[in-house]
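Look at the two complexes coming up: chain A is in both, with chain B in one and chain C in the other.
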Partner chain A sequence: MRKSDFLKKMHDSLEISSVENLTEETILKQLGEYNSMFLLTIIAFVDENFEMQISTEQLLSVTTIRSLMDLIGYEKFED
Partner chain B sequence: MEHFFYSSLPEEYKNELENIFYFNKNQYIFRSKIEELVEIFGVPELKTKNQKIKIELAKIITVQNLFLLTEAPPDGKLIAVLIHFRNNDSAEVIHLAINEDFSILNNTISSPLFILVNKLKQIYHQIKGVNFINFLYNNTKIKIH
Partner chain C sequence: MKSKIKDISVYFPSNKLDNNSLYNEFPNFEPDKIENKIGIRNRYIVSEDETALDLAINASNNVLENFDRNKIDFLILCTQSPEYYLPTTACVLQDKLGLSTSTGAFDFNLGCSGYIYGLALSKSLISSGIAENILLVMSETYSKHINAKDFANRSIFGDGAAATIIEKSDEEHIFEFVLGTDGKGMNNLIIPNGGMRKRYEQNAEIKSDESGNERTENDLYMNGPEIFNFTIKSIPALVKNTLEKNNVKFEDVDYFIFHQANKYILDYLRKKIKIPEEKFYSNMLETGNTVSATIPIALKDCMDNEIIKVGDRVMLCGFGVGYSWGATIIKI
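And now, the complex of A and B:
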């Protein structure tokens, strides 16, 4: 998946309205939507798009979008 | 930290349950969805039977309650309640309410939501044919297996 497509898809799928766009540097905890339900939604989003199940423990170690991409596998993303 | 789960509560918890379920400040986040779910499944009502209380919905009889407490009754404090039922291959979570006093744990591994999700996975893992948990507040689907 292209990085730009991932960022847009995540922004739209998770119905993020607190920022206009996501970047790799976006800090998840700074998003207005950030709460435990939001984290569950990320788990579902990653599963649906990458067929990968991440645990709540793994997700809680994620800080930025880039670190989420690292968890998924950064090599899976294209420029 | 040990967790205590129950499918009903002693009636002494009536006020505590009412406060968490009906007067929860965080419910505004999903307000429109909650109103939609009340239309579909009916108004959640607190029912007492054999000195135990549960939340029931008028339009669906097969709902289950899952209560999370800090310790066993009567000393345990009610942390959260979740209303769910099986619908074909999914466990549908119709309502969820978390005690605001525990919201500080929301973004940690001790998050009441994560604890309830893990318990629900355990419960439905044993039931053949149920593949995911669906949170109706925002249609988030979590795989069970």
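And now, the complex of A and C:
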């Protein structure tokens, strides 16, 4: 998946309205939507698009979207 | 001896907690967003002096309006909000309902998988000849376990009860079960204090989570994301295994009723398992998540509104606290 597509898809799927766009530097915990339901939607998004599961513990350690992409496997993303 | 579900009745307390009331207490959370995301607009909440036993009495009396209560020979109550540690709440319920003293009765402590286990127990009692007419009651009051400042859990859970009569039958209507347990999930939906391991703490420390929900160890705690991980890992396999055990093809199941946890989880599971929308029940709008009562409440709604009809094969699937899970196929 292209990085730009991932960021757009994540923005749309997670119904983020607090910021217009997501970047790799966006800090998840600073988003207005951040709560336990939001974490659930991230788990669903990663499961649906990458067929992998992320634990809550792993998610809580995520800071930027780049760190989420590292968790997924940064090599899976194209420029 | 074979068994069938004869009738189901439900009962809800009269207090209603709607999203606007929650918004008045928690102005950061908008009512429309709650409804859109988790599919819940209202929940019924017991009053201070109302218990799961009271709900069970009412639901049972409702279902016994059209059934001779003297014929009931077994009473099973599923609750995680018992009247007392002892005596068994089902014993108290037997007396309140005026059932025969020849009735067997016990409680069991399960949550969202409770109805499936209750049906399994009932089928077993009937097929072994121990009972012929069973009153199976699910009754839950999670509101009593949730901290007043825990918006997340207050928005999800509602109180309610459902009473089912299961009777012996010439033809089998309750088929094979697949059940499962994983206690590694124990800490993801738990009330830490109040049992024998850690007693109730008078001045328990109030802690806030990352969203500002407050609770102490005397209160219910739920790790929603981990529960979600559990369901997406376990439930597709549960459905597949239940089909195999019953020798039924996926496309021959007429309807699926899952435990009504919240709309988001249900929608995700439905798509993952590829269940057509028209074959899948998703409705907790007016009741919230009533734990062990969600499946019989849904069944009754489906039967009353002719969403399912006599002869339909329906898969029932319960999963949650424990972790505990189970599924079966019934014929209406």
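Assume the second predicted complex is superposed on the first by the 79 of 79 C-alpha atoms of A that agree within 3 Å, B and C clash if a C-alpha of one lies under 4 Å from a C-alpha of the other, contacts with A are read in each partner's own complex, and residues count from 1 in each chain.
Here, a residue touches a chain if its C-beta (ideal position, glycine included) is under 8 Å from a C-beta of that chain, and two chains touch if they have at least 3 such contacts.
Since the structure is predicted, the reported quantities are computational estimates derived from the model, not experimental observations.
Participant: Identify the partner contact of A:Met1: answer first if only chain B is touched, second if only chain C is, both if each is, neither if none is.
Facilitator: In the superposition, A:Met1 contacts neither chain B nor chain C.
Participant: Between chain B (first) and chain C (second), which, if any, makes contact with A:Met52: first, second, both or neither?
Facilitator: neither
Participant: Under the stated touch criterion, which partner chain does A:Lys29 make contact with: chain B (first), chain C (second), both, or neither?
Facilitator: both
Participant: So in the superposed three-chain picture, is A:Leu39 touching just chain B, just chain C, both, or none of them (first/second/both/neither)?
Facilitator: both
Participant: I'd like to check the shared interface: which positions of chain A are touched by both chain B and chain C across the two complexes?
Facilitator: Shared contact residues on chain A: 29, 34-37, 39-41, 43-44, 47, 53, 56, 60.
Participant: Considering the complex alone, what residue numbers of chain A touch chain B?
Facilitator: 15, 29, 34-37, 39-41, 43-44, 47-48, 53, 56-57, 60
Participant: Going by the contact rule set out above, which residues of chain B touch chain A in the complex?
Facilitator: It comes out as residues 29, 106-109, 111-114, 117-118, 135, 137-138, 140-143.
Participant: Residue numbers of chain C touching chain A in their complex, please.
Facilitator: 37-38, 152, 209-211, 223-226, 228-229, 232-233, 264-265, 268, 272
Participant: In their shared complex, at which residues does chain A touch chain C?
Facilitator: Within the complex, chain A touches chain C at residues 29, 34-37, 39-41, 43-44, 47, 53-56, 59-60.
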